[in-house]
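Shown below is the structure under consideration.
Chain IDs A, B, C, D and E follow the sequence of writing; residue 1 opens each chain.
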């Protein structure tokens, strides 16, 4: 258990240092509030609208893909850990390798599908694609 | 399996403490020690090394007034940054805005808890060390989202989302490549990974080359370095900050010590990336003649130099190119690497 | 060694927090988070008793649980997204075109 | 012919494998041409896949794969998967429902985008269901349950611009997520008590539960809750009317038939194998009498479903409630199990399975008829159905068959399966359950016959136009109707198989 | 196999008719329905059964194969014919054909569906009368309802929806009650039977194998089952307080459907009463003789009185059916050769005569578009043939000698007077005979008002003689009535053959 105690200690220290720095800074720094200072920065212009805006859907698509593949790595890691020792203990290559190949194969099909359906295509502006088709037609 | 005594045990042994008290005290002291090593490293890298390197690329001189090579600039810089006024912009989401600068260095420092730095400088050596290191490093994404969301600034939001998109796009290649190394080691324990690499691979002309995985599987090493570069957000993958596009990305609205902390976190992250790369591929603290800790320091500084070189020498990618390389290139290659490694290992074994 | 009852208590507490969240929140995203909490309560049990019984079944299963939780969130957020588009919000009580 | 003497053992899971491969193949087809509107290829592939999976399941069933005649159940992957008669029987139900749904979707989806996704989701859900029926470990139960559920959530919300569909998807998902969390927690509690997830081992380790019988009871209760959700039984039933009403009709058909059957498949196995009644009622620290629990649930579910159905004006919603009622009937299969039941236990469980098979045909058909009406754009309420028979006599005849069969009127399969079910319940000594079921059946005739009356007898308030003759829907509906009728004379092999394979569980 | 062939052919005929275009459906249905008629006549010709099918007699055309092995009791596909069922089969086939012909005129829309349903109903009716396994019998029994429901609901009069639902609900509730009653009997028999074949059950009951079930003693169980089954069948018959669906159904149903309803469907009830209650539980029946006889007499008198009060010709005939079926019950409870035999004979006779009456009313209605007695008089002037046959049929109803009705009622009364089931039986018989007087009264009254006297018609329709295909079925029915009246032995011999074993059992107690 001691290793986790040490890691916990590291966690404490890792929080403590930034907080300590903040405190030190709070003692040192001046405070001169002024209207103009606290405006959000928009390249010197007066800020327009809120920053809580709707965002490109592609960020969400990518996040979804991440969830899928990240989870895949969760399931791959245990396999990689035992892979060699299982082989050394006499498990046949087929029994130890095939399931993971199938597993990855399924995900590859998923990736290819997502790829073809534009899940990882960043620019999906209708205008751009229209221009593209026009070019092809011309 | 503990190949060597970890730092807290050494400390508690020195102090003559036992049981849970020893664990706690040893752990705290050890953690403080390691954190300070990293702080010093970063202090060296941030205000000084970075300037010098960048200047060298531009054939300039940069800091040279205080101390040898201007090294002592660190001290006035630290004082300067800490004593700046903290400007809180309008409409920020205060708790998140305040916590984010803590989260980012926290994540990087936490990752160092399991890194073996040589000469017994390793805070903890859990069986799941590698997974822990990655997990700890990923917490940074949370901090990034907090900065972007809380700042109430469009640049920040774009920067944060880009940062997260970048992190998640390259995290999978990173981890999958690491998995291909785990196939060789059969363990996630950091000390075990290092130990496996100590065995001799081949002897050429009397020089014994160890089984560093950078030699065993150079392809994986290259992949890992590229992904790592993206993870730490340096050129050509520095779209989250992209100064010419979105000012400073997620840190646009941060100033004073908050800015320092985020900056610090980023630098520790670079070193953490280097540390993981060194552990996985370069035999950790191993090396001839010099003590382990020195070798380790050299290796992580080498990675730092690599990032700084990339920063100055390589142009930035567009965001769409960046993500397409991640999803369509790196991901596929890393899986190919994993499968091929598994097959080759299986056939040979 | 921590007695197993404590793990049960902990997981029960986490589970109840999740349940409480589900019962009191109308935001679909908070609902999802509460469900995650409940699943993690199950994971606590699984991992703790995996240790207690000395087999890895529980730990392995908790990996699956995590994977499934993530998949569930992925699908769930997709549905919440279309909910947002159709009902202009993520309040689960807003979507009542049909009789409940 | 014993295929598994010539085939490797893992081939016993062939029905699930074929379904999964078909789903992947559909994705590949969609990958090759993402913008395709060639619905025929997709629907054809999906149908072909489910039919061949069903064919394999039937072949295995006939040749006795996994049954005592060929050496008993086939355990695979460290006992996580077991292929026996029960799983194959249920696989047959799932695949036949899937085939009908995919054929019907050919027309239903004609004007929609993302068809490839639709079919592959259906196929993946079917894979999950088939795996549910094969699960022999609480881990595989949970994983396959989610594999069946996750595509279903997306399928319900498939019409993403339709508020009803989205709302249905949301509610289905929310309750589903909640119940799967409850289910997982239940599993973790059972694991805490027994230290294993493999069903027979759970049963063997139940003796350890003496100290923690309360925890075990809670775990069993929560697991039952998870099944109640999947089978749309009380108390996790209230998603069903919303989800079935809002979802695209083929999806409603799929969920209310196959998904429900899958819930029963896994409930039957988990409760009979992992928590044998004779063991759990004789624990040192107390007793966990789930049979009583299910008896109460069965009565409440069927009564609630039928009474609620009787008050509906919307046909789809009425069917949704009626499907809750049918869940109540099928629950008799678990409720009527007794400690010293012997052969009667297998009989009542088998009868419940046979009822689910027949139900698969008649209920799928009924929902597909609604799909047809939706396709015609005629409306949703009983009044909107007025006079359909004059315009579409064949479809209306089929619907009449479904309605009467669901009500349990004699000339159709539903009668004989209900008879078998109630009879077996009486045989087990639960004559009051059978009586409640019979009374409910009689009540159900009221609202089922309203549909028939509307179609044949009532005059439409304004002349109805039937613009198209959707071939796929017609094929599926007529197939279901013929199946419903033929299951009356052909019930013997069904019930015999069901009871034989069910008996192997005890 | 002839029974299977008969049923299958009828089913096929129904299917074919469904897809025949509307214009030809009537003719096609007629042509196709001749096949079962010939089949049933062939069966009659080759009939070789002796004794009662349920009581160990030799069953004609028997098939017995296992259909469903479910739990303790196998379900068999068992069909066969004895002296009780054969006349009803012949009646069914002939009456269906005639009803189809009589439907040519009144049914003007969705013909193929109408005629298809008629044939479908015929197939199921044949199943009811031939089935000797309870389960098969029940399937057909319920299956009859479905076409009937549609026939009333789709082609009926203004209140057809109400009538159809009422019919459906009444008969289904009745079936359920009956089913429960019978099944409780089966469970009471426990292990002494291995299947639900009626002969096996009947013989087990006779052998005294009944034991208690669900807390009831054997005797109580028999009583409960008897009451439940009696209730179930009495609705179908219908017996007096349970008859209220009948007038509605008859009035709303189109004439050919009324013909089938009165002619055959009501006989299902009495047939089942005979087969189940009075054959299987004779001692219980005897114990309940008083209430049953009371009900029978009440049906006779009450039905007749209600008929007397009607203005609608069809209602008159409908209520008179209630009255006539009362005789059947009376005959059954008498437990004498002539009583039970006569009751069976009455089923056939009443089938023919009530069919005739309904058809005649229908023919008149086709022309006048009204059935109200007050709306017309002197129809005989314009429609002499129809009127003649109507009068003849009415006389048959009243029990005019040389008509089937006379023979039947004579047998019943003779049997009832001889009955020994209880002291007061002659009293009841006398009371029931009084019903005949009322019947005569209301029929004569109605005929006199409508057919005779100076011609008067309030409607706007031209009153002319009905077309040949309307009148021909009437004539055939009249002919059959007379043939059966002149030589009742055609059926009565075989009926007696089948009935006597029942009475012998009765004597054993």
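Just so it is clear, a contact is a pair of C-beta atoms (placed from the backbone, for glycine too) under 8 Å apart; a residue touches a chain by one contact, two chains touch by 3 or more.
Heads up on the chains, UniProt names are A = NADH-quinone oxidoreductase subunit A; B = NADH-quinone oxidoreductase subunit H; C = NADH-quinone oxidoreductase subunit NuoK; D = NADH-quinone oxidoreductase subunit N; E = NuoM family protein.
If you're wondering where the values come from, they're calculated on a predicted model, not measured in any experiment.
S.K.: What is the set of chains touching both chain C and chain E (NuoM family protein)?
M.R.: Both-contact set = D.
S.K.: Applying the touch definition from the top, give me the chains sitting in contact with each of chain B and chain E (NuoM family protein).
M.R.: Touching chain B as well as chain E (NuoM family protein), we find no chain at all.
S.K.: Among the chains here, which has the CA centroid at the largest distance from chain C's centroid?
M.R.: When every chain centre is compared against chain C, the largest gap points to E.
S.K.: Mind having a look at which chain is the central one, using mean CA positions?
M.R.: Per-chain C-alpha centroids ranked by distance to the global centroid put D first.
S.K.: Which one of the chains is farthest from chain D, going by Cα centres?
M.R.: Following the centroid criterion, the farthest chain would be B.
S.K.: So using the touch definition from the top, which pair is joined by more C-beta contacts, A-C or A-B?
M.R.: It is A-B, judged by the count of C-beta pairs in contact.
S.K.: Please tell me the distance, in whole Å, between the geometric centres of chain A and chain B computed from their C-alpha atoms.
M.R.: Between these chains, centre-to-centre, one finds 16 Å.
S.K.: In whole angstrom, what separates the CA-based centres of chain D and chain E (NuoM family protein)?
M.R.: The mean C-alpha positions of chain D and chain E (NuoM family protein) differ by 43 Å.
S.K.: In whole angstrom, how far does the Cα centroid of chain C sit from the Cα centroid of chain D?
M.R.: Roughly 25 Å, centre to centre.
S.K.: Could you please state the distance in Å, as a whole number, between where the Cα atoms of chain B are centred and where those of chain D are centred?
M.R.: So the centroids are 52 Å from each other.
S.K.: Would you please write down the residue numbers of chain A that are in contact with two or more other chains?
M.R.: Expected reply: 70, 115.
S.K.: Got a list of which chains touch which?
M.R.: Touching chain pairs, listed by label, are A-B, A-C, A-D, C-D, D-E.
S.K.: How about chain E (NuoM family protein): which of its residues touch chain D in the complex?
M.R.: Spelled out, the residues of chain E (NuoM family protein) in touch with chain D are 66-73, 110, 113, 124, 135, 138-143, 145-146, 149-150, 153-154, 160-161, 164-165, 168-169, 172-173, 176, 179-180, 183, 187, 214.
S.K.: Sort out for me which residues of chain D touch chain C in the complex.
M.R.: Within the complex, chain D touches chain C at residues 138-139, 142-143, 146, 150, 153-154, 157, 160-161, 163-164, 166-171, 173-174, 177-178, 180-182, 184-185, 187-189, 191-192, 195-197, 215, 238, 241-242, 245-246, 317.
S.K.: Can you check the complex and tell me which residues of chain D touch chain A?
M.R.: Result: residues 24, 27-28, 30-32, 34 of chain D touch chain A.
S.K.: Which stretch or stretches of chain B touch chain A in the complex?
M.R.: On the chain B side, the touching residues are 6-9, 20, 23-24, 26-28, 30-32, 34-35, 39, 79, 82-91, 101-102, 105-106, 109-110, 112-114, 123-126, 131-132, 151-157, 161, 164-165, 168-169, 171-172, 175-176, 179-180, 182-184, 186-188, 247, 252-253, 256-258, 260-261, 319-320, 323-324, 327-328, 331-332, 335, 338-339, 342-343, 345-347, 349.
S.K.: Contact residues on chain A for chain B in the complex?
M.R.: 1-15, 17-19, 21-22, 24-26, 28-32, 37-43, 47, 50-53, 55, 59, 62-63, 65-66, 69-70, 72-73, 76-77, 80-85, 87-88, 93, 96-97, 100-101, 104, 108, 111, 115, 120-123
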